[in-house]
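We call the chains A, B and C, going by the order they appear; numbering starts again at 1 in every chain.
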């Protein structure tokens, strides 16, 4: 298979007179998300696929398909991640939850899809991206040794806010 | 007078009242007191005790008027047929005025008795009811109704015949000025008698007069047109027709009700213009080709008034302008072909724009035709396979005006010409080609300090920005800014040198440019051992720059630097402006008068291409002599100690700064590269959003997206599609050969 | 002296010295400018932290202003200090 080169339409340099961005007047977060979407479509990490059409229509909400990695407890499973972005992105972290029929059974994933992962709240950095968040979640799943829900799952699910970012997480366990 | 209802003797009262009515209707003298008494009588009858006598009063009055008009009819008839119009008009003038007065005398009856039983306006207009003929009418209306029945009906055919005859005579110029008023008055009477009606109040006028009149007018102008065509050529025909139309408009105003004006005009136009459209259209081509402005003015105003009249004329103009323009551009010759091109295009544009304003009242459809003609001339390809040179020529024209070379022209004149060149710019399809050339020429002007004035440069950038948008001129603006801020930078550097108490030994200035904004190709880059004399300047400036501008890397472009050299070894001292490499070569002759090429090249470390170019230029300037015809490593170069020049200050840079054919080639191929990238980006964008698309649809979308920047050839789009298939951005769908799908 | 230089006009270009091509915050090229700017260069300069990471100044300022307490480099999470 021929190697895919970077398409001319998403070359970063605006020194090209034909930079595609000149045709679309958009603001900070839109331009950054467009760039991310492009690179995620062109060079997706293994097992990660973005629903480009949906994201292309509404940049503030993306659905990402994630395959359980081979050789892990989740091999053969498929999950769906939802990313919601605010206009403050990337200075504000995205809201990331598992959705759909299959929520991974994992000590840091609640049955309502909420994920206990510090980079999604207090450890967020604007240098992170959809791709790096996906990779962190893949590796969080991959390093799991026993499929079980968090110990406080039923209490949390009953009492939590719909938005996981409103939860004051207590990141007790860094090893998983 | 008492307003109390009382017993009234009808017969007595009516007898008196009738006398007055007779006087009023015949406009005889009625003393004020009598009028007042009869006015009260009407009231008394209407409110009489024990029962009101209004209905009887109404019937008697109606009977009276009926008889009166019948008598008038007899009188009119008795004056003889020949006098019919006049007698009718006299009778009508008196009667219509009298009936108005009578209406006022019967004010009480009208207002209190009759209005009450009338249907409301809404009932008539929306209720689809016709007023009952038995219903009582106000006296004024009653009077007109009786006139219509007893006077107009019996006379209408004769009246109308006389009217048509009268108007016909007027058309032939045989009209009697005295009858004009009569004709108008008679026609007006048909309107007046029904004016009180709330709907269809022109029906009588239309039915008995307007319809036969339009019919007769149509016939008349049909004949008139064929008569004129037998005796006139087209110019005269149009003139006459225009005259006829004008006269007929005045005639309408003279005789007719205003609702007929347009209908008459339409009739005339139908028979004199629309019916002979083929003839008129046939005359358009020669008229346009010979630019017969007078004829065209008539032609325009005639054709404009009929449907499908004008498009053919517009088309002839378009073709003509295009032919004139093509003749111009294909016959350009000589050195300053770019000046000729732009100026002849401007002349062409102005000539026909003026003509459209004068002859076609600035009609937008003609302006549109002018635009299309200019655009096809300016973008014309003499060889269909080679793109038009117009963008390059326009850029050269601007360069010529903005350079110091544009001598003999005042600043205002230069400014004016630059402003006008935008007209040509707007028509250019390949704006990207213009952009590339303009950018290179601007770079040269700025770096080599050849700009006549920075104000003019800025004004021109602003004009282009206005015409084509901010992005188009973004880089021009950045280049311009780099040069303008350099003064400040040089001042800061001088201050820095002072504070460090350093003397560079030479007068040094510098331009520091943003790498991304300038079209500075990599081709001229060569290694270069900076001469010792310049080294200090280079080092000090780098030190200064890095301490002031954190995080920036500086690259010297020595092939673009120049300096002034003082030659002290000749009979006279000379000051010569030359490029850095030329300077470096001459500086090596300090201790000797001859050197071989290899030595020089090794010392300076220049690549062979640059070295040869600059040595050649020095030989051509006669400052050096060489031992051989061609420059080889063994060639010995000697200072020309006998050199002399009339001027003591001159420059030898021109040949090196001139645009070479290779550069033009490079510029064009750079445009091609950019276009390919642009097209590929556009295709990816389109396919990404559409997912699957037929070949032709894709081509169309690409064409519409690139409009405004350039017009790509279909074969170039095809090549880009192929390239993207190779790169696996898109693929052919399995079910159809001419359909593509996006590879996510 | 046979030949002396009276004056010399140098021409040079500059570009940013950055480890990366793109700004880690906005992902735009350093040669270009941040998404909120139109002109690269002086109007949209780069800044370096002591950790040697580099961003458009507008981007890093937006990030630092959005943080109430810890001012950290988005790349390495060290405390952010502007390099002199």
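Definition applied: a residue touches a chain if its C-beta (ideal position, glycine included) is under 8 Å from a C-beta of that chain, and two chains touch if they have at least 3 such contacts.
Fair warning: this is a prediction, and the values are worked out from it, not measured in the lab.
Undergrad: Which pair wins on C-beta contacts, A-C or A-B?
TA: A-C
Undergrad: Using C-alpha centroids, which chain lies at the maximum separation from subunit C?
TA: Result for max centroid distance from subunit C is chain B.
Undergrad: CA centre of subunit B versus CA centre of subunit C: separation in Å?
TA: 48
Undergrad: Quick check: how many Å separate the C-alpha centres of subunit A and subunit C?
TA: Distance between chain centres: 29 Å.
Undergrad: Just the number, please: Cα centre separation of subunit A and subunit B in whole Å.
TA: Chain centres of subunit A and subunit B, defined by C-alpha means, are spaced 53 Å apart.
Undergrad: Touching two or more other chains, which residues of subunit C qualify?
TA: 31-32, 40
Undergrad: Residues of subunit B that touch two or more other chains: which are they?
TA: 515-517
Undergrad: Pull out every residue in subunit A that's touching 2 or more other chains.
TA: Each of 13-15 in subunit A touches at least two other chains.
Undergrad: Give the list of subunit B residues in touch with subunit A in this complex.
TA: Interface residues on the subunit B side: 432, 435, 471, 475, 515-517, 674, 677-678, 680-682, 684-685, 688-689, 691, 726-729, 744.
Undergrad: How about subunit B: which of its residues touch subunit C in the complex?
TA: 447, 449, 470, 474, 477-478, 481, 485, 505-518, 520, 533-534, 537-538, 541, 545, 549-558, 560-569, 575, 580, 583, 586-587, 589-590, 639
Undergrad: Flag every residue of subunit C that touches subunit A in the complex, lowest number first.
TA: On the subunit C side, the touching residues are 21-22, 24-29, 31-36, 40, 59, 62-63, 66, 72, 74-75, 77.
Undergrad: Which of the residues in subunit A come into contact with subunit C in the complex?
TA: 12-15, 19, 26-28, 31-32, 35-36, 88, 90-92, 123, 125-129
Undergrad: Which of the residues in subunit A come into contact with subunit B in the complex?
TA: 1-2, 4-5, 7-9, 13-18, 20, 22, 41, 52-53, 56
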